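I've put the structures underneath this note.
First subunit A sits with subunit B, and in the next complex the same chain sits with subunit C.
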Partner chain A sequence: MLKYVLQRGALALAVAFTVSLAAFLLLNIATDAAYAIAGEEADPDVIERIRVQYGLDRPLMVRYADWLGGVVRGDFGDSYYWRKPVASLVAERVGTTIKLALSALFVTIIIAIPLGALAALNRNTWVDRSALAVAVAAQAVPNFWLGLIMIILFAVMLPLFPVSGDSTWRHFVMPAFVLGASSVPAVMRLMRTGLIEVMESDYIRTARSKGYRGASLLMRHALRNALLPVVSVLAVQLGQKLGGSVTTENVFAISGLGRLALQSILGADIPTVQLLIFLFALVFVAMNLLADILNAALDPRIRIG
Partner chain B sequence: MKKHLLRGIGVVAILAAMTFGSVSLAGPADDTLNVAMAAEVLDLDYLYTTRREYIILAQLTDATLFTMNPETRGIDPGVALSHEFVDDLTIDVTLRDDVLFHDGTPLTAADVAYTFNWVVDEASESHAHGLISRWLERAEVLGEHSVRFHLRAVNPLIIRDMAQRIPLRKADTYHQGTEVDRDAMAINLIGAGPYRVVRFNPGVELVLERFDDYYGEAPAIRNVVVRNLPDMGTQQAELMTGGINMMFNVPLDVARSLDARPDIDHLSGPDLRVSFIVLDAGGLAVSGGPLTNLKVRQAMNHAVNRPEIAEFLMGGGAAQPIHTACHPVQFGCVQDVARYEYDPEKARALLAEAGYPNGFDLELWAYRERPVAEAVMADLEAIGIKINLRYVQLESLNQARANQDIAAYIGTWGSSGVADTALIARVHFSDTSDRHLSGDAEVVAWVLGAEETADQAVREELYRSAITRIAEQAYWVPLVSYSADYLVTSDLDFPLDDDGVPRLQNARWKQP
Partner chain C sequence: MTDISPSHPATQLGHEKLPPSPGQLARARALKHHGFQIGAAILLSLILVAVFAPFLAPHSPYAQSLPNRLLPPAWEEGGSSTYPLGTDRNGRDYLSRLIYGTRVSITIGLGAATIGLLIGVTLGVLAGYFGGWIDHAVSFVLTAQLALPGLLLAMALVFFIGPSVIVVICIIGVLHWTYFLVVTRSATQHIRSLDFVAAARASGATSRQIIWHEILPNLASKIIVIFTFEVGIAILAEASLSFLGVGIQAPTPSWGLMIAEGKEAMFYRPWLVVLPGIFLFVLVIGANLMGDGVRDITSPGEKS
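And then the complex of A and B:
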């Protein structure tokens, strides 16, 4: 087990570094950070001075090696835009993103699991079909569109929640729903399939013969096994939400890592993009690892390593 | 039953709205003007920034020696009461004695001299250094309220630069003993403008309060809050719910649509920004390519339907077709030059004469106003030029242009709100600029020459030569001037100026 975790940890680091190298090369090939920092109407001599000042006149691989050396020492460099250490910039914003990701996961759980269970228990009825329709719709709707529709409904027409910002819990309600809704289809379908499979298994038949029915049968016997695959998917979904809330954070003007990522990409703030991509890749791989470990912990038949 | 249920839902909704709906309302109630900006505000020190948002904010927080008068397009006194040219290379400036910085410190000649000497010092790494070091040698304190500027060269834009580019700082602002701190004013700005900074969260929110000891006319509104809202849809929702009072740079369709609401007004005024296509007439990207042929360039000029682009895509009434490589209201932007009216037949004929009866392939780069880029593309394709539209981020376009990979691009330029052709000509027609694709040395000489004399008549003649040649040789396809479009809540009176620079300090609430 420990060996497996260490192997996967090393893999995570390798993935993160590979992704960061790819991002570094792509960003530098596609954009000139000196222009971005200077602004649209800057004089050419200002741009040149910035190029020298930020070391952008050095060869690409020298700059990457420099960055890598810094990472080994725990120094991720300074943001070109915010002119402060990237690590502290990320640290300031990571809490907001975690808050949003966990809220979104909560929304996913409270919608997808009951909906999946309801669909499974009413298989091939209108309830099942309706639940599937909801899932398909949620998958088809882009986050930015759902976000704007929610703003129109619940902030403009019916002013229940603030349009944008992140200073109170009320600011997180709509973004959490938007971000959480995108995971509903995957979790709901897995829940439905898992529960159908479990409900047809021998031990459930045995439980029924012992007189278990309805909620007690579901809660005491069926749900635990049906939730097994769901838990691992939730872990992966959490990883995606921690790194993939770019659209939602921008629509709702939430100052988290997603918004920081977009700002940094558009502004060619290479050190910030580097750290964020490194971090997102690490989190994603770590969440996959967590999913494996959780599966093993919940199901003694699964052994990893 | 159904009726009762609906009524019940309605009551619950209203109660919920009353309970949760404590959305902060901007406006006269708390004398706070809330404005949204899509681009992040990250640094309050205009000596270290260049973008449009910072020009707007610097007018609120900073004081300058002189101020621009948008009506007369002349210069008014600011912190300086007067100035006098002692000789060609010496200017004496007399200061007011009642100017205070936001921390209560009186502004003196030492502060003015420190600011200019710091900017002209290469160690400052100020974004204004290049501009100021073209003409300033050093500033010298003559008395408590008197400063002498020693110039290194004659320059017609000195007073304008003093008015627009150099916010005044307290002496030693950037020096802590021997240590230099260039970020000293980035967050905790101490200026001397009509508003002082109360709170600044970079990239999120800036809170300003009227500075009651401001030497000039006090703004009517006490507080200004600038919020960074990157999404235009979110901005609209905030405006509709009273979360903000003003949106900048509003697309025309959005502006017209929200203008239908009784509580929102669409304001549209002129802007000094112009758009144009720069053509690789010098063959820098494609040696001997089609664009090196004058008839091809003239054909492209005839092919583009500027009036319709101005009316239907830019709109607002203030957007107009242009025929020069500068904004018509800018000093030196003569208008009696070769004009290429929309005439696709003539364009096709010119292409055929040039040896391209079936057109040719062209990569056209663009980075903003995609509908305009697509309209231009359609017009050029209509005469047979097969366009590959490369719509990219500005930084990517800049990179490609620096590598001389661009044969034609749609550029835009706002001239920082300065009504002088120098602001657009130098950067596009100097031999050190990668924006200069014509390769015409005479144009370069005229443009640079116009910045080496303070004689306005001579300058005008030099610009006449340059602008006329650019039009004759069709180095550019000038497109349209912009309009500045805003959406504001209808309780706000926001006067628009001809230079397109929004001056939030002039906003006031309408009387009920």
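And then the complex of A and C:
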């Protein structure tokens, strides 16, 4: 098991650094940071001086090695735009985004799991078909638009929640719903197929023959096994919530990492964009690693095979 | 979604009819598949709207009329039949902008999905067919691509390179190929183990001939299914970029951008936000229903 975890962990780190290299090259080829720092109308002399001052005249690979060396020491450079360490910019906002991501995950769980279970237990009935219709519709709704519609309905026409901001828990209700809804189709379908499989398995037949019925059959035997694959997918979905936070935070004016991402892109603030991409990729691989380890811990065939 | 078991007329005694061909079976299933029909109808009509936009739109999507700014739709008080769906903050006819927006979304959806298809299918077939170190390398690239925060990178690259329709198509396409790769890789691994591939190899076919004549034709229906889904995904990605201000730029009528522009007036003119979203929703659901339908029709009993 330890060997398996170490192998997976090494691969995850390799992937995260590959992503950081790809992002570093792409971002720096796409734009000239010296122009961004100097401003639109700076004359060539000033731009040239800035290029040397910030070390932007060196080859790309040298600059990446420099960035990587900084990362190892915990130094992610200074923001061109805010003129302070990128790490502190992120540290100020990360808590808000984690709060949003976790509450969104909670929304996904309380909608998708009961819905998936209901669909599976009422297979090929109108319940099942409407649950699938919800999934098809939810996949086609633009996330940011759903957020605006929620604001029109539940903040303006029916003033239940604040329009935007992040100061109280009530500010998080609509954003969490919007961000959480985006994962509902995937998790719901998985829950449905998982439970259908379990309900048709031999051990459920055995439990039935022993007289287990209804709720006790479901709770004691079926649900527990159907939830196993769902749990590992939820870990992956939590990682994807970070990426999803970009649109949601901007719709609801929540000052988290998603908002920082848009602001730093609009300000051509490459060090901040670079750290955010690295951070999101790191969380993604960490969540996948967690899912792999959960799977292996629960299913010995994986870690041996 | 619905399981349709094929009938077997040939097994009935006294009948000498041949069993239906796969094409006939697929057509029979298509005639019974409501999701497929609805999806195809939506896609076809919106493609027609995009093609014939100049004939359908009552006004130019760019013509501004400052006295007629922010008019409500015709059915609301203060609306006029000259502007059936009202006007935006620059006094441009909203219906005409929505109609031309179909062009932007469909162009970007098809363009980006085509780029994704080329990258994903190439890598998937190579990895699945040759295996070995190629497969390992492709798998690593796939894992790295999956870990990339796609929307964030797309936002940065499109905005830094300079937002235009072409740049948006290329960047979204280059970042959306993993689904093609995963499916074609495993399907290729399966097909290359089948007898007819061995037969082709025994009769002296080269790898290139086997890939073009044996493997790719058998992947076609799977590729079409993914392509249809990816069109929808690319359309939503473009809408998000444009909504955030880092995609299609004004005055081009992109639905995502129109939602962003309408946002400022949404408290007293909610239609400005509601309408483009409905168009986006209908187009994407059309693509998804069609994808689901093609999958059910070409490979019944299989679910992704």
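Rule of thumb we're sticking to: the second predicted complex is superposed on the first by the 267 of 305 C-alpha atoms of A that agree within 3 Å, B and C clash if a C-alpha of one lies under 4 Å from a C-alpha of the other, contacts with A are read in each partner's own complex, and residues count from 1 in each chain.
The working rule: a contact is a pair of C-beta atoms (placed from the backbone, for glycine too) under 8 Å apart; a residue touches a chain by one contact, two chains touch by 3 or more.
Please read all numbers here as calculations on a predicted model, not as lab measurements.
*Asks:* Is A:Arg49 touching anything from subunit B or subunit C once the two structures are fitted on A? First, second, both or neither.
*Replies:* In the superposition, A:Arg49 touches subunit B alone.
*Asks:* Please work out whether A:Ala297 is in contact with subunit B alone, subunit C alone, both, or neither, and reply first, second, both or neither.
*Replies:* So A:Ala297 meets neither subunit B nor subunit C here.
*Asks:* For A:Val136, is the partner it touches subunit B (first), subunit C (second), both, or none of the two (neither)?
*Replies:* After superposition on chain A, A:Val136 lies in contact with subunit C alone.
*Asks:* Check the residue A:Leu25 against both partner chains and state whether it touches subunit B (first), subunit C (second), both, or neither.
*Replies:* Neither: A:Leu25 stays clear of subunit B and subunit C.
*Asks:* Touching A:Ala38 in the superposition: subunit B (first), subunit C (second), both, neither?
*Replies:* In the superposition, A:Ala38 touches subunit B alone.
*Asks:* Scan A:Ile110 for contacts with subunit B and subunit C and give back first, second, both or neither.
*Replies:* neither
*Asks:* Identify the partner contact of A:Leu6: answer first if only subunit B is touched, second if only subunit C is, both if each is, neither if none is.
*Replies:* Neither partner.
*Asks:* In the overlaid three-chain picture, which partner chain does A:Ala65 touch, first (subunit B) or second (subunit C), both, or neither?
*Replies:* A:Ala65 sits against neither subunit B nor subunit C.
*Asks:* Contacts for A:Arg83 in the overlay, against subunit B (first) and subunit C (second): which applies, first, second, both or neither?
*Replies:* first
*Asks:* Could you list which residues of subunit A make contact with subunit B in one structure and with subunit C in the other?
*Replies:* Correct list for subunit A: 30-31, 144, 148, 151-152, 156, 250, 262, 266, 268.
*Asks:* Name, in rising order, each residue of subunit A that touches subunit C in their complex.
*Replies:* Residues of subunit A touching subunit C: 11, 14-16, 18-19, 22-23, 26-27, 30-31, 132, 136-137, 139-145, 148-149, 151-152, 156, 193, 242-244, 246-247, 250, 261-262, 265-266, 268, 273, 276-277, 280-281, 284-285, 288.
*Asks:* Touching residues of subunit A toward subunit B in the complex: what are they?
*Replies:* Interface residues on subunit A, with respect to subunit B: 30-33, 35-36, 38-46, 49, 53, 81-83, 144, 148, 151-152, 155-156, 158-164, 170, 250-253, 255, 259, 262-263, 266-268.
*Asks:* Could you list, by residue number, the parts of subunit B that touch subunit A in their complex?
*Replies:* Checking each residue of subunit B against subunit A gives 13, 16-17, 20-21, 23-24, 40, 42-43, 49-52, 125, 127, 129-131, 183, 186, 202-204, 227-231, 233-234, 237-238, 240-241, 243, 393-396, 398-399, 402, 413-416, 427, 432-434.
*Asks:* List the residues on subunit C that touch subunit A in their complex, please.
*Replies:* 1, 140, 143-144, 146-153, 155-157, 159-161, 232, 236, 239-240, 243-246, 256, 259, 263, 266-267, 270, 273-274, 276-277, 280-281, 284-285, 288-289, 292, 303
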